[in-house]
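To start, the structure itself, in structure tokens.
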Amino acid sequence: MTAADFLGSAGFDPVLLDQYGPSLLRGLRTTLALVAISVPLGFALALPLAFVRVEGGPLLRAAATGFTGFFRGTPLLAQLFLLYYGAAQFHGALQAAGVWWMFRDAFWCAILTFTLNTASYQAEILRGAAQAIPAGQIEAGRALGFGQFGIYRAIVGPQALILALRPLGNELILMIKASSLASVVTVVDLMGASKRAFSGSLDFEVYLWAALIYLALVEIVRRIWNALERRMTRHLRTA
Amino acid sequence: MRLALGVSRRALCATLLALIAASLAPPSLQAKEWTTIRIGTEGAYPPFNFVDSNQQLQGFDIDIAKAICDEEKVTCEFVAQDWDGLIPALLAGKYDAIFASMSITEERKNAIAFSNKYYQSPALFVADKKNAALVPTPQAMAGKTIGAQSATVSAKYLDGVFAPAGAEIKLYATQDEANLDLASGRVDAVLADKVVMLPWLEKSPDGRCCQMIGADVNDPKYFGEGIGAGLRKDDPDLKALIDKGIADIRANGAYAKINAKYFPFSLY
Amino acid sequence: MSEALASLAYGPDGWGDELLSGLWLTVRLALTALPFGLGIGLGVALLKDSRSWTGRLFGEAYTTVFRGLPELLTIFIVYFGAPRLLSASVAWTERLTGREPSGFAAAVDGFTAGVVALALVFGAFSSEVFLGAIRGVPGSQREAAESLGLSRFATFRLVILPQVWRLALPGLTNNWLVMLKDTSLVSVIALAELMRQSDVAARATHEPFLFYLVACLLYLGLSGLSTAGALWLERRAGRSFASAARQG
């Protein structure tokens, strides 16, 4: 029995599936690319952001707080419109600066927005985790002659990362869902493909397929993350 | 935990299947005396339908609908709805008729009924003046990016004819957004109704960037038989009423007056 | 630039009044969805905490679905799917009870659909918060109440619930902030809330950057106000614990 037969026997329309199924799967690939690029980039940006928020001077700290506050306090949709349609207003200047290629392409514009957004949330998670490490450990590190960087690399960092694992997993799942917003700026991700399929077929069923695919995706990622977390916290489960 | 999750997925499937079954149940037929017609329109497609600075719906489609309602002594109420959702919302009963410059096509006829046409217009490619030499044939446009409003006949045509030849098709929620991206160079060309693009080229500050390329596009396989009001299939009496309204305003000069208000040439 | 600022003016020439009416609709959407979302959240948390196997099953399924679906998709499904579901279930009931089909066609307007979708999602996330709060009340209190002869229900109402509020508050505040931002997604079903109005204004004035930036600042203001309100509530809820808990 093929997958199509199976879905057909489960009450799905095989003709519709044949016509739009492949484009939904192509959309799923784009969704995965959006998340797989923006979440790690966001993490790379979150590390210095979190560090500045904990250890930076007053000016740097204020800048980092303002940055994360803006991206956490406003809707992602508004940020996306701001960076996509707002940027088009300045395309002459952006072209002169040599960065228009990124704003020109909806996919990269979405990646940029998602990266800045998720970096803010991840920075907040990392900051919280870093500050949860008892101050005594840092003092002990200092007493042992560790520098500021050394303390973060060897003492605070590893423990904070483990504390942050679960919220970071939640953030990853939120970004899978949030990536669906790319569809409003012409990116044909899973959501965009199902919108196209819906306007072509006017059959509500395609949204239910999209729903099932998103649910499956989220569930798979959740389980993988849980397994990862169990592996990484092995040494803590002695009792 | 693992057990609970395993079973919960089954419950989820059952719920979704019930939802599907329910959505496939046939609609019921009913006769109705029409005193008020709720009309769905997009409100983002100047000069046919748009929101003015006083938040009022204006445009050719709106004026035609109002004239028909006046003529047939019924009350008109307007509801704004995104283009993508116009047909689904009609089917979901949020309003009774669509006046939104919707082309009468075979594909749409599978889902909804149409009144007789109330205007007709070919489509047109528009490109940046730098690309004036571009010939809008599928071969020449391979590798180019072409924009259109999603779920329109132009979008269907691009998907059916230009995408297979290698053009990238970008679809927008509104025509305005497609034009904006043409002006900023995100797309190489836009395909849309001629009567919408001509005023944009002439009057809009953004439109100065661009010009029409190639000839009128009106492949009947995609572009259908003109623009009509979209209706539910189970409201034949409403179709009769609107068809009569169109004929009446054509006959008594109301149509010509509205036409002249927007365009110096006949749209019918 | 002054021209751009003039487009923000209040009145027929500017978009200030439209933006404010959009802001007001955004607030109304979120405030209307809040009580329903809290109700769903508490209900689902109780199901997940219940002794009944089917109750737990339903609770878990609910959370899995509405936490896992993109909010945009939930809104589409509610907006386009709910009327069919309603009409179909009325038709079914009529068929089952042997009544004449009334041809009832449900209509769900954008506001209702938005509130339902937001409440469903808020409920899913809040059920986890409530569950954590219910479990956060020490089990010994439950035992003590039972040994005093209180019924299971009375224990919950008199002992657990008053403490749940305090324990759940920080989590619920977070969910509220998320919902406030999610209201912007309702703009895709043509409801003239803040995001939608900014969209219309951006297109009409050809000033997208200005209007989306203003929209962002207004959302930021709402978030800021909410955070301040939540802090006040938390301080109030924690009053009776002030002396004991602050030390820790």
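A, B and C label the chains in the order they appear, each numbered from 1.
Simple rule for what comes next: a contact is a pair of C-beta atoms (placed from the backbone, for glycine too) under 8 Å apart; a residue touches a chain by one contact, two chains touch by 3 or more.
All of these numbers come straight from a predicted model, not from anything done at the bench.
Visitor: Take each protein chain as a node, join two nodes whenever their chains touch, and name the resulting shape: line, ring, star, complete or other.
Guide: complete
Visitor: Is the C-beta contact count larger for B-C or for A-B?
Guide: B-C is joined by more C-beta pairs in contact.
Visitor: Which whole number of Å gives the spacing of the CA centres of chain A and chain C?
Guide: Chain centroid spacing, chain A to chain C, equals 22 Å.
Visitor: Rounded to a whole Å, what is the gap between the Cα centroids of chain B and chain C?
Guide: Spacing between the chain centres: roughly 33 Å.
Visitor: Roughly how far is chain A from chain B, going centre to centre by Cα mean, in whole Å?
Guide: Distance between chain centres, rounded to whole Å: 35 Å.
Visitor: Quick check on chain A: which residues sit in contact with 2+ other chains?
Guide: 85, 88-89, 184, 204, 208, 211, 215, 219
Visitor: What are the residues of chain C that contact at least two other chains?
Guide: 64-65, 80-81, 84, 188, 206, 208
Visitor: So which bits of chain B are touching at least two other chains?
Guide: Within chain B, residues 9, 12, 19, 23, 88, 177, 180 contact more than one other chain.
Visitor: Flag every residue of chain A that touches chain C in the complex, lowest number first.
Guide: 69-70, 72-79, 81-82, 85-90, 173, 176-181, 183-184, 191, 194, 204, 207-208, 210-211, 214-215, 218-219
Visitor: Okay, in this complex, where on chain B does chain A touch?
Guide: 9, 12-13, 16-17, 19-21, 23, 84, 87-88, 91, 107, 110-111, 147, 150-151, 156, 170-173, 177, 180-181, 183-186
Visitor: Please name which positions on chain B make contact with chain C in the complex.
Guide: 4-5, 7-9, 11-12, 15, 19, 22-23, 25, 27-30, 44, 51, 53-55, 80-82, 85, 88-89, 92-94, 174, 176-177, 180, 205-206
Visitor: For chain A, which residues count as touching chain B in their complex?
Guide: Touching chain B: residues 10-12, 85, 88-89, 91, 100, 104-106, 184, 186, 195-196, 198-200, 202, 204-205, 208, 211-212, 215, 219 of chain A.
Visitor: Could you pull out which chain C residues touch chain A in their complex?
Guide: By the definition above, chain C touches chain A via 64-65, 67-73, 76-77, 80-81, 84, 177, 181-185, 187-188, 195, 198-199, 202, 206-209, 212-213, 215-216, 219-220, 223-224.
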